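Labels run A, B, C, D, E and F following the written order; every chain starts at residue 1.
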């Protein structure tokens, strides 16, 4: 199995609902350093997993919908805690939709899986792994 | 599949038995930077894999049993080489016992797997991955 | 010259005033991984620059005044852009006050300088360096 | 499942064929920081996944065949784009051959899998994972 | 003293002249992860050392003149070993010229110093530090 | 001013005397990731600060005198707390002696300064900076 990973980041504000979150129930923020990992069993004719230029560009586009925002104000997250885990799934699902739409190139239809990891600090990170249809 | 990882560290002394260890047969030491990764297929009602506060606290408790010690003197390791691999399994199994005992919260009963990675330097690390019952 | 550095982090929300900040004029947030570096020309009688336990504890205390907050609501920053540079100076000056107050131990009076570095992402960081009286 | 990883690096020149590579069609170069991860379900009698000294030495030997070279001139890669993905597979397959030949010690015959990751920058890396017979 | 650092990277081919370089006399390559640090004693009216957007953009522009190239073919380096040290100075001097030309904004005229660090691997890096007029 | 840094590591056991050290008064251990930074105002005729091959080799030789040892048993440290700070100075002074002895090549006589940084974990490190005669 092959994989390629590209890294970017976002800087967002948000707050959480639920006693389990302690002081993080207050409005605060985070830098998420985001790693998107694309997987496939075989390489395409160019010898790559995915066009890394398109992968980088599309990850930036997906992150651009979240970046420099207060996620508490985003309709897409109404009634949802925007935890690191939830955001990892959101980024992965939006990237998967772009793969399906052909935004990462026709070669990307050979991708079989995707993992998105969000690093919230030097001591904590979360990931969401999914298959691609 | 979702995962959350928290990081902490220990500083221990030990020595190894067996010619394969070369100079590491002498009493020496290591800083192990320890990553504990918790996995589950779905998030709990708060939108998390595990209460990250409890996960951090319980990892610190497990590591506290090893930290600032000469592992050659620990009864738990009598007759055992405390290699990075063995210590990764020890930390994972002790964390798993705490998950089972409810120390990471009732939500943690949804966890299905655990990986512990011990970084012994910038050029070497070991991991142990196990399921949770 | 000797130095010792300890690392911790904060997660805050804020917004900036001024066209130079572009989209960062919106309410957003950041994780700042914070390195506090203490300097002195000679070691104390214990062979250290500073009691690293106290240094870690006092850095955490200073950061605790900022952590999990919307800095736009903090009176201390009214009318001030809480840029990474400004926050680095704030943390350094508050640590310096604690050194002067004896909170890092009597040995810490031998310290001659302090640098605080705030990493806002994997591709950007800022620092403030000052002397200690 | 246990794993052990060792890290080394190479510095090579190469160029790519195919419009997808854009400016990387020109002769350029890369430092690849290479992580070789060895896996097995149980530890050997010494309590290790593999003799880490031999693993480090054999990784260096495999990388020595590529290091400080223009890969465009290497017969082994004639007609092949030496992408990060292709090089990850090359290093993995050559390490696997050395495991089979006994170069990592007789204990290494218990290894069941191998992953090689090549970091081409702070924002991109690729990996190839394979089983061992 | 304040500083702000931004990070980017280049991927180049080159070779060195001189027995001291051993196998690096052959055509090979490197990824250089490049940190540009800007210094000034006081912040500007926006509370920053430099417009970080412009700093990032100008660093990318300077690096774009080197990226994906064989430096042995660049007239600017004819007769010069493009060592990590030499490239650090080149990047620093070209950034300094852009500061002087106003490309980093009028506020950048308050800058007093600049350091450029090139990381050639996880175990080696070089830096060049200079003042700004 | 130019600098070049090379990285290596040691794994040692030791214990400390003095209530300030708390649990670190017990025999424990550490991995120290060691960065040796060499400085000079101008490059030599080859365009380098120092022969990086010799610098790497001599750092390894200096570290080899400490590696895989219990520092409490080393005569050189009798009556001395082998704190991270003290070890940073020890490594720096021993490297400086090798520079003076010509072990880093005749070109190394142009070096004017040296800094040694010891990373004891992902959250703490110490450094010692000195001039070279």
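The definition used in the following text is that a contact is a pair of C-beta atoms (placed from the backbone, for glycine too) under 8 Å apart; a residue touches a chain by one contact, two chains touch by 3 or more.
Protein names from UniProt, one per chain: A, B, C, D, E, F = 6-carboxy-5,6,7,8-tetrahydropterin synthase.
The structure displayed is predicted, hence computed values, not measured ones.
Two copies of one chain, chain A and chain D, touch each other, and the residues they use overlap weakly: the shared fraction of interface numbers falls below half. Ranking every chain by how far its Cα centroid lies from the centroid of chain A, the top place goes to F. A rotation of 120 degrees, rounded to the nearest 5, superposes the Cα atoms of chain B on chain D. Interface equivalence for A-C, evaluated over D-E, C-E or B-D, points to D-E, where over half of the contact pairs coincide by residue number. With each centre defined as the average position of its C-alpha atoms, the distance from chain B to chain E rounds to 41 Å. Averaging Cα coordinates per chain places chain D and chain F 31 Å apart.
Those residues of chain B in touch with two or more other chains are numbered 7, 122-123. By the touch rule above, chain B contacts chain F in their complex via residues 7, 9, 11-14, 23-24, 26-33, 67-70, 120-123. Contact residues of chain F toward chain C in the complex are 16, 18, 20-22, 80-86, 88-89, 122-130. On the chain F side of its complex with chain E, the touching residues are 1-8, 43, 46-49, 51-53, 56, 105, 107.
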